[in-house]
Amino acid sequence: MSSSLGERLKVTLFGQSHGTAIGCVVEGLPPGEAIDTEALDAFLARRAPGRSALSTSRREGDVPEFVSGLVDGVTCGAPLCAVIRNSDTRSADYEQLRRLMRPSHADYPAHLRYGGHQDVRGGGHFSGRLTAPLCVAGGIVKQILARRGIHVGAQLQAAGSVEGARFDPVNLTAEDLARPLANALPTLDPETARAMADEIEAARSVQDSVGGLIECAAIGLPAGLGDPLFGGLDSRLAAALYGIPAVRGVEFGAGFAAAALRGSRHNDPYCLEGDRVCTATNHHGGILGGITTGMPLILRVAIKPTPSIARPQQTVDIARMAPATLSVTGRHDPCIAPRAVPCIEAAVALILLDVILIMKGSL
Amino acid sequence: MSSSLGERLKVTLFGQSHGTAIGCVVEGLPPGEAIDTEALDAFLARRAPGRSALSTSRREGDVPEFVSGLVDGVTCGAPLCAVIRNSDTRSADYEQLRRLMRPSHADYPAHLRYGGHQDVRGGGHFSGRLTAPLCVAGGIVKQILARRGIHVGAQLQAAGSVEGARFDPVNLTAEDLARPLANALPTLDPETARAMADEIEAARSVQDSVGGLIECAAIGLPAGLGDPLFGGLDSRLAAALYGIPAVRGVEFGAGFAAAALRGSRHNDPYCLEGDRVCTATNHHGGILGGITTGMPLILRVAIKPTPSIARPQQTVDIARMAPATLSVTGRHDPCIAPRAVPCIEAAVALILLDVILIMKGSL
Amino acid sequence: MSSSLGERLKVTLFGQSHGTAIGCVVEGLPPGEAIDTEALDAFLARRAPGRSALSTSRREGDVPEFVSGLVDGVTCGAPLCAVIRNSDTRSADYEQLRRLMRPSHADYPAHLRYGGHQDVRGGGHFSGRLTAPLCVAGGIVKQILARRGIHVGAQLQAAGSVEGARFDPVNLTAEDLARPLANALPTLDPETARAMADEIEAARSVQDSVGGLIECAAIGLPAGLGDPLFGGLDSRLAAALYGIPAVRGVEFGAGFAAAALRGSRHNDPYCLEGDRVCTATNHHGGILGGITTGMPLILRVAIKPTPSIARPQQTVDIARMAPATLSVTGRHDPCIAPRAVPCIEAAVALILLDVILIMKGSL
Amino acid sequence: MSSSLGERLKVTLFGQSHGTAIGCVVEGLPPGEAIDTEALDAFLARRAPGRSALSTSRREGDVPEFVSGLVDGVTCGAPLCAVIRNSDTRSADYEQLRRLMRPSHADYPAHLRYGGHQDVRGGGHFSGRLTAPLCVAGGIVKQILARRGIHVGAQLQAAGSVEGARFDPVNLTAEDLARPLANALPTLDPETARAMADEIEAARSVQDSVGGLIECAAIGLPAGLGDPLFGGLDSRLAAALYGIPAVRGVEFGAGFAAAALRGSRHNDPYCLEGDRVCTATNHHGGILGGITTGMPLILRVAIKPTPSIARPQQTVDIARMAPATLSVTGRHDPCIAPRAVPCIEAAVALILLDVILIMKGSL
């Protein structure tokens, strides 16, 4: 607990990295929605490992089986359950990890939390692999939102020290959101993708890893969505995003940079576009007082460098309570951020539909 | 909705800035806890306006009346309700704001959300004034936690372009957490306080405002607190923090800086201190996989510049649907971040006790 | 915890019977709703003590002060807080009760639950007095529902061994629901009211008490309201109703009598009334599979006899851990059920609006 | 929504009667608990159809596959997911039901709720078949509770007009709770079982059905469990029980009979058994003020007669909006109550463990 997210659209994730299966149950999907499985597969492929030389060579073949919630491929209102069988799991890689806590993984706190009963194979329930069913749920919801003109997209805005351009926060189209799909790494332009690939390869070559920044945006959101105070859309989004392994920071609009700005610069003047109230700039990232303004939703997420690195690291053997040295073997991404991009989209899409359902009851 | 925070320790805030009263109901406080009202008043004074020339001259005299939850000043297990009467509210200042949306305030989204029925006086329920009852609740909880050796403290780590030192993330004592209380602004050293005061005064003198960064830390937390995935302590804290007006970013440990680090640098090696498992560094900020490690909890929050500035600003008159110019009069802090420091402490303390109660049932 | 009820319309009750005040916070009230305070006072008067010789002579003068949530008497979307000051509380009556557990009161379990710190005066937070703010919240919501043609009413259907007629479960009008208001006790006809008064007086005269049955109905509900399984309208209503002190049973439609019926008799045949699908009978009480059918909602609640009786009773002195004899002095209703009638209406109305808001977002 | 139950022990049910699979996800199970699969199978067999001539001849072979949450058959703290494949589903039986609403089934309200997209085959997500995964979850929890001396048991206390004896509400042992397992129908004595079998057969022989009453008890519960008002154990139990299809009434202790009792009779005097505070009688059913007293928990549930009967029934063809006659074919139990007995136990066990986890954090 709690592996559940959401209120009226509720997603529960289950499974351990090297158990029998992982999956999700999604309650509250609007009935009557056809699932485009081809588009869903394409979305899942963006998260899957093994797409490029930069990603882990482990192949997962994550094909979800929908065991409930659909009638002839259309949502029926009952909870949708998708099951993804685990395969190609070389647990032997992880044997020593029962005693040697991997630095900056959840091993040690999980050991305390579950009294040593947790599934240590591959990080168990704390594995990034749990984002596969998150993407199943989020990919379905992205389709449902897109049918109503609400589009969610994200990009790898930085990897290590390489920073790329940001989305235009004021004039943003569905095409803009799709631009990262065309590049080898999900960035706004191919040059940045190449520079990032070099940065990641440089880390990999010395048995190291790098972190990254993901920018996510949504357009087409109705204005007036969200509750005040702790029910704000930003509160809900942040809680969801921190549920994704490796997220260390979340900011909206100008975010941390706002701290150094003056009000005269940071304030977004209201203006009229025809009969629509807009803001001339969008430092607020589409949310004020927890409620949408109708401007694009803009947020950024910081992803830490992959903690699994092959270099020897200092740790503690908790069985002997003695210092120890650990080299994490196995197949690991030198930068997890590219694969996290669709996960961020998934979490954002799920919260957006949840809030729409909370406030309007239906789409 | 939702003006409530927490699960087993639940805080509900009520009131509008210029209504009859504001206040809070706190459910789930452990029974048998005496409230030190002197210490609570001192805590509330840190949030109160009018402490210095840099803060609004509006005087609130926020004395909470406890109408339930106590027997002879000791918690009895029933919900505690504190009521703070509003006074010295010059609503006339705000008359024009029914039509002219203040840039970067919640006025416009609230107008849409509540169909024009929202209380526009002073921002109504969206006012920063609602943090007064939040601090009542949080101040009480800070006392309860401190009795168990859990200390929460925060500091103004940056104001505008002036940055101060950060807490030591590894060796951190209750005395360190109290250091900011000694300075004119809540920073770790008096020189920084002076430089920040100059920065804020410079903005004020040109009818402008600045933002700031707040760093918050907690020590004494048991390891193993938190749930996986969306129930992580970071998810819960972030959701609470985004409920505080003007928060635009939340990060844990190395946070956004982690994106540019390599794993070998970012990973925190485990080591032994006597029979206690520690980490040599604390880039993880005390939370891994959503669960506490026993190291100090470290987080930072970005506060945007006060949106209320006296300069003329471009906006829209929503009654006439025409462009308009607005000058926000009234008394406003040129930098709200110093007064937000105890609010951040309050929110963090509330979530920490909530999670302790969730996981242990009682303290 | 948990003194809160509801999801999108959330009511939190606070206060102890003999503390400074009791009250409620209501989050999620639709904005723009005027409160008819005269009608609300009339509703509250139905719950108030001292109306007749049959009820406690204690006078409460329960006038709620609305300290938030209203602008010029109209809901503004912010949480509404109502505070009712306690007065006329003769705590001396209750002094011995710190040690002598009153049979069939919450004294003993509360003592264990709160480690002896609970407010024992008048039952503290467990007092039936907490239904006063429940009725404030419910009375407001009844007005909001009635504006949309949704009417909630209840009647004292039995007191002790005297049973009265039941509502017509198929053809039920707002006038029918109002009929109990005309009688000295809230029954469908004056003869039953008289017989019940005799029954209650007979118990009172021998320092005893009696229980009762309350039937509650709602008309005008849209069909299709409710969630499957544990989110059913019956689940939500039952949970709310059991939150009212002295409730020992809840049934819908034919309820317990259904156990002895055959399916051919119990099943409600569908029929058409114009273009509306109806049922010819209403043994299902308006809910099937947790979801409304459009037929009147019908439920019954069993209220136990007032546990406070003046006769000597056997109990335990928990300070000395020795048998003891207790005579409960003070002023107590020989039958609490008549005053519980509006409380049942209040709880039902709150849940109905909550479910409407959950499913439709707004009224 | 909401197919989830519980707070710290959360059970989510998924699946439709004639879909690919049904199942459950159980979050919050204490780690380190071995599952006795043999005992679990025996428990599930009590719910399974086809046990006797009195039950439907449909054979389900409900073998749950545990795809997560276990390591070597022991709970690991991660959500447990059990999947039960559907088989032997003759959907053709149900074809006409898309248009002809079965009286007293959820067909019609579900049609409105889901806009005609619901899975109509076999009642879809509203089918009693969903109680199979409920029993998987509850059966596991019963084992966990029993290890701590908390025993939950239920019996068929009435079927149609035949009533059997009730549990002794004061002196109740684990052996007493197991007595119904020895009889052909789960009653306290074989004579009652025979009389009930005759009653059920009499209904079946005329293509009719009967309802029943189930009494459930739990012993070994610690005193002091539960929250006040709407968080009372009775509120939580009632909400869970109403989630079971066919439940029409829930009462605790003396329940509806309390309405006709006098206080002097209904009140349970406190007494001492050694150093333990007890009550001499148990009309309160183990709960006062929502909190356990340490006496046996006693509740009763009314189960309506099976609505599926082969006799012609009057209904409406919603496609043509015309009156129609319906004969429900297929295999249906003439009395569903015997198979509901373990379902009641399951729901009660789940709530009991949930409340223990809520209040103590762990067992």
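A, B, C and D label the chains in the order they appear, each numbered from 1.
In this text, a residue touches a chain if its C-beta (ideal position, glycine included) is under 8 Å from a C-beta of that chain, and two chains touch if they have at least 3 such contacts.
Please read all numbers here as calculations on a predicted model, not as lab measurements.
S.K.: Of the chain pairs C-D and A-C, which one is connected by the greater count of C-beta contacts?
M.R.: Result: the pair with more contacts is C-D.
S.K.: Would you mind checking which chain's C-alpha centre is most distant from the centre of chain D?
M.R.: Looking at centroid distances, B is the chain farthest away.
S.K.: From the mean C-alpha coordinate of chain C to that of chain D, what's the distance rounded to whole Å?
M.R.: Each chain reduced to its C-alpha mean, chain C and chain D end up 27 Å apart.
S.K.: Could you please state the distance in Å, as a whole number, between where the Cα atoms of chain A are centred and where those of chain D are centred?
M.R.: 39
S.K.: How many angstrom between the C-alpha centroids of chain C and chain A?
M.R.: Once rounded, the distance between the two centres reads 46 Å.
S.K.: By residue number and range, which residues of chain D touch two or more other chains?
M.R.: 1-4, 8, 13, 78, 110, 113, 125, 228 - these are the residues of chain D that touch more than one other chain.
S.K.: Under the touch definition given earlier, write down the residues of chain B that touch chain C in their complex.
M.R.: 1-4, 8, 10, 12-16, 19-23, 25, 27-28, 31-32, 65-71, 74-81, 83, 110, 113-119, 124-125
S.K.: Going by the contact rule at the top, pick out the chain C residues touching chain A in the complex.
M.R.: Where chain C meets chain A, its residues are 7-8, 78, 228, 358-362.
S.K.: Going by the contact rule at the top, pick out the chain D residues touching chain C in the complex.
M.R.: Touching chain C from chain D are residues 1-5, 13, 101, 103-106, 108-110, 112-113, 125-126, 130, 158-161, 203, 208-213, 223-232, 234-236, 238-243, 245, 247-272, 275, 277, 279-280, 283-285, 287-293, 300, 302-309, 311, 313-316, 318, 321-323, 337.
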